[in-house]
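Each in structure tokens, the structures are laid out below.
You will see two complexes here that share subunit A, one where it goes with subunit B and one where it goes with subunit C.
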Partner chain A sequence: MNIITCFKVVPEEQDITVKPNRDISFEKAPMTISAYDLNCIEAGTQLAEANGGNVIGISVGAKKIDDSKLKKNVLSRGPESIFMVADDKLENIDTYQTANALKAVAEKIKDYDLILCGEGSADLYAQQVGPQLGQLLSLPAINSVSKITLADGKAIVERTLENELETLEISLPAVISVTSDINLPRIPSMKQILAAGKKSATIWSAEDAGIGNLSATLGVIETKAPEQMDRKKDIVQGDSEEAIKSFITKIQEVLK
Partner chain B sequence: MKVFVFAENQKALLELCCGARQIGERIEAIVINSQDDKDTEVADKVWSIPQQDNAMLEDYTETIAALLEREKPDLLIFEPTKRCKLIAGRLAAMAGTSVMTDLIELTKEGEGSHLVYGGAAIRKEKLNTSLAIATIGPGVLQGSKETGKGEIELFPFVEPIRKIKVLNKEQKPKLSVNLPSAKRVIGVGRGIAKEEDLGMIRQLADVINAEVGCSRPIAEAERWMPKETYIGVSGLMLAPEVYMAIGISGQVQHTVGMNRSKVVIAINKDKNAPIFGQADYGIVGDLYKVVPALLDQLK
Partner chain C sequence: MSDDRFDAIIVGGGIAGTVTAYLLAKEGLEVMLVERGNYAGSKNVTGGRIYSHSLEKIMPGFAQEAPVERKITREKISLMTEESNVTVEFSSTRLGEQGSDSYSVLRGVFDQWLASKAEDAGVQMVTGIRVDDLIVREGKVCGVIAGEDELEANVTILADGVNSLLAQKLGYRGELAPHQVAVGVKEIIELSAEVIDNRFNCREGEGTSWLFAGIPSAGKVGGGFLYTNKTSISLGVVSTLSELIKANKTLPQMLEDFKSHPSIEPLLKGGKMMEYSGHLVPEGGFHMVPKIIGDGVLVVGDAAGFCINLGYAVRGMDFAVGSAECAAKAVLKANKAQDFSAGFLQCYQSFLDESFVMKDLKHYRNFPHFLEETPRIFNGYPGMAADIMTDLFVVTGNPPQPMMKMMMKHVKNMGMLNIAKDGWKGVRSL
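On to the complex of A and B.
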């Protein structure tokens, strides 16, 4: 059983800053694993622990995603190996390009039974790469999956939708996008962190993977921080009886 | 521009068709076996696909693909539900394009705006393929009431190659609150120490005539409140008259869901909590002191 888990490498959100002209800056933001892909990696690891098998982490992006601390972080969470296409030709690619690049990686790995994606990437949150990847690989694709059990050649999954809960049977291989509440990602132990150093990571260029020339389908016109609403910022300090009284007087006006 | 519209819910279909008039000259709706003539009042044409026994909505993807191939619309709009996002993604892969998801704005020129980096930024983007696909909330395109010609044409079902078997399907219990239409909303966050303490928040909500929503961790990690009630970039986008944030730090992923509120009130014990930067009124204090006092004095 080979399980591929897709993880995106993104700038750490908390360290993104806004410039006075509302441009955003990543200067202080280190690269990190996209938040919900921690759930994706954990889901793959738990399935391998329960059914036997091997977890492979894959990612595509610009050269900077090939970061040793980050790879170690991924490998300490369960995957036995990582395959990456890290190439500046893949900087800021759209979801169609991403799905095509991941398809190329999966086809190079060849032997897999299941591909897992996260709910959405922390930067774009398009919720698109999983469905597109499944279609490109001519495999069944399903999203919003909150539980997976494996049984000879198929997966039984629970799917949580806006107004319904579904139980589905999907033949493998398939591409399954999992929700962020499917599990609680583990905190790797010291032993797992040390073991991660001995695991393997394979890094390809776009050319190695044969995906150099796919042009963008989506053009970005601008990326700007939203304009801030003007707020009164009338803040009472402290919660003495006096302070609370003054706060209540202020909001009583509003709540009238 | 010729715009096709597909939705999971009929109400959303009607609203999206009306709204789409702002973008395209010709609006055509895709429906599964419509016997409801309401559909036809809002579109210039309705493509009716015969309903199949035991089919999931997703099983109509190949049929929609065949229709797109033949009719070549410029833009295909979906309601932003999970099912529609799956269908949209698969269609995009077939057509060699991407999907602009969860748009908060869409112009006649086909430029869509979408929150990125958890709401820290708005990205304006445009598809440069002959077919553009977008998912967009019904409220975003404010619709004109213009009516369509409403002719109906049957489009034959195309059998999907890969089928997923539905073993069981359950309806989730319907929520009694309707947060998007509430005039006043209280949002609770991780500042609440125990589930029981929500009782005190609900009492306050009764007193000030508000509905209660929450931050994502209260719904997803703690599961103290239903998932459908969390506010923010991946949850509800609200614009009530009054929003009161209690024990919420004010991370951008949350605040994009409430920053269009008319008045924002914040209660937080940390004077450096970012929520105060987005509040009209606030108090730096322990909610376990402030909320009981509010209950006592606002009654």
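On to the complex of A and C.
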């Protein structure tokens, strides 16, 4: 059983800063694994632990995603190996191109039974890549999955819908996108981190992966943070009756 | 070497730990470093200045490559009261000469750089893992325990910082007593390089170290500090724990008041607070050094109490480097002899004794005590200096007094004998 888990590399959210002109700065933000893909990797690892098998982590993106700390992080969470297309041609690609690039990687790996994706990415959360990847590979694709059980040649999955729990059976290989409810990603242990240092990572250029003619269709004109409201800087001090009253009056006035 | 066995395991990815690991791996030892933070430096606080002499020996010319902030070429010391501030300033090209140069640093980036050096040298870095305990067999430390995992090593080095729980577990030291530690709080405030150059009268890449005695620590043992970084200012307050109990203000309040002092506020104007942190400082100095050598184990850096708190300034980073170097030398020697007994590892103590680490700690051994015994430094002299300056410079139209007479009035208030005594004791403790 070979399980491919897809992960996106995104800038660390808490280190993204907004400049005075409302530009977004990624300068101080290191690359990290998109939060929902931690669930995806965990789901793959748990399935391999329960059913036997091998987990492979794959990712596509600009050159900077080939980061040693990040790869070690992924490998400490269960995958035995990583395959990446890291090429600046892949900067700013859209979801369809991402799905195409992932397809190229999956086809190079060839031997797989299941592909897992996160429901959406931590930065854009378009929720497109999983379904598109399934379509491109002509495989059954299903999203919003909160539980997976494997039985010979098929997967039984649960989807939590608004008012009901849907249980479906799909044949393998398939592409499944999982929600963050599916599990609690593990905190890697000392030995797992140590072992990660010895696992293999294969990095391809776009040419290597046979997608050399892929070029970004998206151009970013501008990304701005929303306008901040000016603070009133009206501070009520103390905890006396009057102070509390004045505090409440002020809030009521604003809400009017 | 089997997967689960190392020549050396180092606990703590601060300066002491990363430098020890680097030195051992460079000589070909199998080394693992375990750091509980998500990256080296993520949990570490320092005021901000490293004296380069110790690291320069290990990595010559490091300041060219390392992410240091500014070279300190301007030293200021102030006596501060609520409304006044008397400052002595010293600037000299000699401050920046190789060997006696010092740099402001931000540990988040600096420690990561050191860690990358260690990793390049072959150290296996394990971050995000806290070592919970040590494997001890018949009194010999045999490795580390983290969660369910155990890993063994010939020697384990504790570089886990001021509050070394592992050294406590071994019974090498007790819990920290209030007079053995100070607490520091610090903010990093972002300003552009140009604004900093202008406000602090610095040339590009050069910076100021500024220490304050008096009101910043509410007149108790301690003080304020300010260091200029490339595009930020580190400023904070340190106070001895035993004194903090007696103070009428909390430490965060002291920092707030320090920031809004009329001499400080304009320097920070328009700045944005980027980081707020608090940390302990070992301050007992020479008298506080606990047991640091055992069978299969050595203690380095803050964990060993290698730090001097001069009240307004703390010096620990160069001791962290210095003790790391001594420990690495001892482990390499032990590795050659394949003898990791406490007896053999005593050479760590000899290396320390020969190095600046013990010499400096000894030199300043009575200083912390002197500070605690001499509250006038923090609650008397700043006021006296301010009063003298007030009489000199504040013109009211009242008839002026001869300068000598005016000065003596303030000196007498303090007590001539007290000043002489404090001066004598202070000089002797240095």
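Rule of thumb we're sticking to: the second predicted complex is superposed on the first by the 221 of 256 C-alpha atoms of A that agree within 3 Å, B and C clash if a C-alpha of one lies under 4 Å from a C-alpha of the other, contacts with A are read in each partner's own complex, and residues count from 1 in each chain.
Please note the rule applied: a residue touches a chain if its C-beta (ideal position, glycine included) is under 8 Å from a C-beta of that chain, and two chains touch if they have at least 3 such contacts.
Everything numeric here is computed off the predicted structure, so don't read it as measured data.
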Return first, second, both or neither, reflecting whether A:Thr45 touches subunit B, subunit C, both chains, or no partner chain. neither
Taking the superposition on A as described, I'd like to know which of subunit B and subunit C A:Gly238 touches: first, second, both or neither. first
Once the structures are superposed on A, label A:Lys191 by its partner contacts, choosing first (subunit B), second (subunit C), both or neither. second
Have a look at where A:Gln132 lands relative to subunit B and subunit C in the superposition and call it first, second, both or neither. first
With both structures fitted on chain A, tell me whether subunit B or subunit C touches more of subunit A's residues. B
Counting only touches as set out at the top, which of subunit B and subunit C does A:Ser34 meet: first, second, both, neither? neither
Show me the subunit A residues, by the header's touch rule, that subunit B contacts in one structure and subunit C contacts in the other. none
Subunit A touches which residues of subunit B in the complex? 81-83, 85-86, 88-90, 92-94, 96-102, 111, 115-129, 161-162, 164-172, 174, 184, 208, 220-221, 227-228, 233-234, 242, 252, 256, 259-260, 263-266, 269, 271, 276-286, 289-290, 293-294, 297-298
Subunit A contact footprint on subunit C (complex, rising order): 3-4, 32, 34, 39, 124, 126-129, 144, 146-149, 151
Flag every residue of subunit A that touches subunit C in the complex, lowest number first. 69, 187-191, 193-195, 197
Touching subunit B in the complex, subunit A uses residues 11, 13, 16, 18, 24, 94-96, 99, 120, 122-136, 138-144, 156, 160-171, 180-181, 216-226, 228-229, 231-239, 241, 243-245, 247-248, 250-252, 254-255
